[in-house]
Amino acid sequence: MEHRSLPATLLVYFFALLLAVVILAPLAWLVLMSVFPAGQLTEKPLEWWPQTVDFSRYVFLLSQADNSAGAAFVSALLNSLKVATMASVMALVVAIPAAWAVSRMPQVGWSLSLVILTYMLPPVALSVPLFMGLAKLGMLNSVFGLALVYLSILAPFTTWLLKSGFDGIPKELEAAATMDGASLLQTLRIITLPLAMPVIATSALFAFLLAWDEFFYALLFTSDQRAKTLTVAIADLAGGRVSDYGLIATAGVLAALPPVIIGALLQRALISGLTSGGVKG
Amino acid sequence: MKLFIRSILAAAAMGSTMLSAPALAETKLNALFMAQAAYSENDVREMTQRFMKANPDIDVNLEFVPYEGLHDKTVLAQGSGGGYDVVLFDVIWPAGYAENGVLVDVSDRITDAMKSGVLPGAWTTVQNDGKFYGMPWILDTKYLFYNKEMLKQAGIDAPPATWDELNEQAKILKEKGIVEHPIAWSWAQAEAAICDYTTLVSAYDGSFLDSDGKPAFQAGGGLEALQYMASSYNSGLTNPNSKEFLEEDVRNVFQNGEAAFALNWTYMYNLANAGEDSKVAGKVGVVPAPGIEGKSEVSAVNGSMGLGITSTSKNVDAAWNYIVFMTSQEVQDGYAKLSLPIWASSYEKPEVTNGQEELIAAAEKGLAAMYPRPTTPRYQELSAALQVAIQETLLGQTSPEDALNAAAENSGL
Amino acid sequence: MSGDRLTLRAWLMMTPLLVVMLAVVGWPLIDTVRLSFTDTRLIGASGNWVGLENYARMLTSSRFLETLKTTTIFAVGSVGLEMVLGVLAALLLNQAFYGRTLLRALLILPWALPTVVNATLWRLIYNPQYGALNALVTQFGLSAEYQSWLGEPGSALIALIIADTWKNFSLVALIALAALQMVPREITAASLVDGAGPLARFRHVILPYLAGPLMVALVLRTIEAFKVFDIVWVMTRGGPANSTRTLSILVYQEAFSFQRAGSGASLALIVTLLVTLLACAYTILIRKAAGSAN
């Protein structure tokens, strides 16, 4: 460890503190707003700490009473969960064989490059035909239809992540198994997939986070509680029509919880997944 | 004869409900509303509960979006077979909806009792080319709200009757230090700004389109209206944040005691005057939006909305039953605090008028003066162009003349 | 097994992915190209062939150029800030200090926050009448009056850039930090002995290790910034006076609000072409950077 002078050390702590404040202040404010008592958020001058802690908005948004605003919010939450899970699973199903194939037989790699290049396409460039196509198939406003569309984002990304994961598993292990008379499927099942489990899990989480975050397609292709996702529900709340800012904040906190928890718990895995492609160049 | 037709219709309605809904199978309706001005989300949910109680065979799913999403959502859902059955629509959309066949023509279903009972002005909401595309539901215009206590403090006896008077009174209030920015408007880049602008256009006796359907707002009343907005904004009498306000922001500012005057819809009256979170409860006055000397007594925009059935609905009869229930006099009279009934005789009923006599008085004049926004299938484009013209003028980027000329060019007309 | 059969097997395993991508990307893209030469409306009868008319109208319209400018400012501003702040944060977190592990853990939070929630949060913070930012600057005496942050053309775009930067600088920081941890200790130590100053040390010793990963982050973030829709939609919807209207918002307006699917498609393809050109330029840069680093 290099030696640091006292001023340099102080400077490091100053900036560390600054960084912590920059990261935490907006988040803390979001959480605080959600528990401010009604009316206190429009007081002037604004007080930074709630006079009493009010959890009623959480109760309101999570209430299950028939045909209530809470039920609508909960259904959006469930829809987000369904779409993200479905899309992630489907993405893995198509991505695992493809990623393995490219990793082991680079001569088909160009097709993956082509697939990854589609990441550049803005969703608006696909949205009109997708809208018309889904309409024809009767899959607008359906969780499954939305999950299918999400594959356009998730599949290239997961394939790319998985490919670099498979690259890290020595070919020799598979070759040894084949020599022992195992079929390809057996080899994959017994040797490769267990070894690739960490990267598969990371890819699944990434896919889930991407799908959870998606807004544009959900805005266009869903219209009511049967398929509307959380991001759209929140944008509706924030559209300037809700006068209780605390309620908007509460919805934000609830929507942020799953990804934030995933992020916090699996930070190491996510970062290694994120950087594997980048660092290896 | 009338009675005969009505009974046939009633029988037909009953028959159809029985046909389309055998005892066990439920008819599912999807209805699209807005979470905004007029009836609150809670009101709509309550009314719908009552409907479902009375019609156990029909199940209504409610969907609420911000006003800004209402048009696009309706049009987009048109592509999906299982979209909405019942949609709320603004007075300006029937032309475009008719062109695209979004709504079912319900002219045959409108009874004579409806025709004679509903205020004539309300019908314009749902009509296009002589056809009816639904039932009017929200009868609304923008009123001038004022804070009685502030006016009293400033020694002002009566609220303004003209737009010039509004400026004079606001000036007094500002100079006496009673309120920093006396007037609040909803001038965000949104339809809300067009409603405020239209109110002023009606005051200045302007017009949006000429007889050939070409833009005419660049001169005369249309221009004067924008000039008024700009001068009010530049004088500091108007809250400068008005340029990013929507209706709920205006309400927040007004009921927080930070504005003496505000232009807003009916719903603000009882929320600000009797709402729990209002700091000006009991001090709210309401009058029709003022006029211009020699041109108009009062001014008003037609901000009414109707309920219609989408052409993709598979349950047209059930949907119509629902609409008839939601727009019925009995239901509307019971929820008259945030939105006033479409029925003429309601305005004489104590259950409607009690506790809001001032609002009713303002409504009588305001509703009669309602001025329409232009009727054109390209309304969305025209509106978008005008919104930008208003904002550019307020921000001082261009003169009112140039802004409106550019809007006329970009309006798609 | 022969090479041919191996290749065939590889293609078989690629098939599900390729079929899916063809269905949800390939076909829609081709259909967008077709639509862009027609005057198709979103709903109703299919349109007529109009040749290049949509393109001609779009490319010459002032709203396209304005929107392109706005998008470019947003992309350059937010990505630039994210890169600089991200690298600085990573350099800081590569130092030894108490609480470093915790701070590293916190770094992932902004990135994990959903984009729409982030936009909503900042919209509340910027609220002209009751927002936290206005309360903060007035209570600290930085300004006497509340400002309309999202209501002035000048500040609205900056406000958007800040909101976007807050969320995404953490991604850059995470990538840069991971790269920094791969710099061998001995090299930094050796350069210290050589008496290199901190700047020279960063430029010649550390940067080569960062260049590759940062380039990838730069490309990804720039492409995303050019496609930006969510944050603008939630915070300003393109206002005031269209000063924050980005290309994606313009396409949405054209194709969905105004229902001109044909000209919306042509605009979307122009955007696609721009993003592709940008990505190509970057790729060339990366190749060059990689070449000089080795």
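Quick notes
Going in written order, the chains are labelled A, B and C, and every chain counts its residues from 1.
Note that a residue touches a chain if its C-beta (ideal position, glycine included) is under 8 Å from a C-beta of that chain, and two chains touch if they have at least 3 such contacts.
Remember, predicted model here, so these are calculated numbers, not experimental data.
Taken as a contact graph, with one node per protein chain and an edge wherever two chains touch, the assembly is complete, since every chain touches every other chain.
For chain C, the chain whose average C-alpha position is most distant is B.
Note on interfaces B-C and A-C: more C-beta pairs are in contact across A-C.
With centres taken as mean Cα positions, chain C sits 39 Å from chain B.
The distance from the centre of chain A to the centre of chain C, each centre being the mean of the chain's C-alpha atoms, comes to 16 Å.
With touch defined as above, residues shared between interfaces to two or more other chains in chain C number as follows: 42, 129-130, 256. Annotation for chain A: residues touching 2 or more other chains are 42, 131-132, 220.
Multi-chain contact residues of chain B (touching two or more other chains): 68, 76, 79, 188, 190, 249, 252, 256. Those residues of chain A whose C-beta lies close enough to touch chain B in the complex are 38-39, 42, 67-69, 72, 131-132, 134-135, 138, 140-141, 220, 223-226, 228, 236, 239-243. On chain B, the positions that touch chain C within their shared complex are 68, 71-72, 75-76, 78-79, 99-102, 188-190, 240-241, 243-244, 249, 252-253, 256, 258, 378, 380-381, 384, 387-388, 391-392, 395, 397, 410, 412.
Within the complex, the chain C residues that touch chain A are 6-7, 9-11, 13-14, 16-18, 20-21, 23-25, 27-29, 31-32, 35, 42, 89, 92-93, 95-97, 99-100, 103-117, 119-125, 127, 129-130, 132, 135, 138-139, 166, 170-171, 174-175, 177-179, 182, 188-189, 192, 212-213, 216-217, 223, 226-227, 229-230, 233-234, 247-248, 251-252, 255-256, 261, 264-265, 268-269, 271-272, 275-276, 279, 290. Chain B contributes residues 30, 32, 34-36, 41, 45, 48-49, 60-69, 73, 76-77, 79-84, 188, 190, 246-249, 251-252, 256, 276-277 to its touches with chain A in the complex.
On chain A, the positions that touch chain C within their shared complex are 1-2, 4, 9, 12-13, 15-16, 19-20, 22-24, 26-27, 29-30, 33, 41-42, 44-46, 90, 93-95, 97-98, 100-102, 104-105, 107-108, 111-112, 115, 117-133, 148-149, 151-152, 155-156, 159, 184, 209, 212-213, 215-216, 219-220, 230-231, 234-235, 237-238, 245, 248-249, 251-252, 255-256, 259-260, 262-264, 267, 270-272, 274-275, 277-279, 281.
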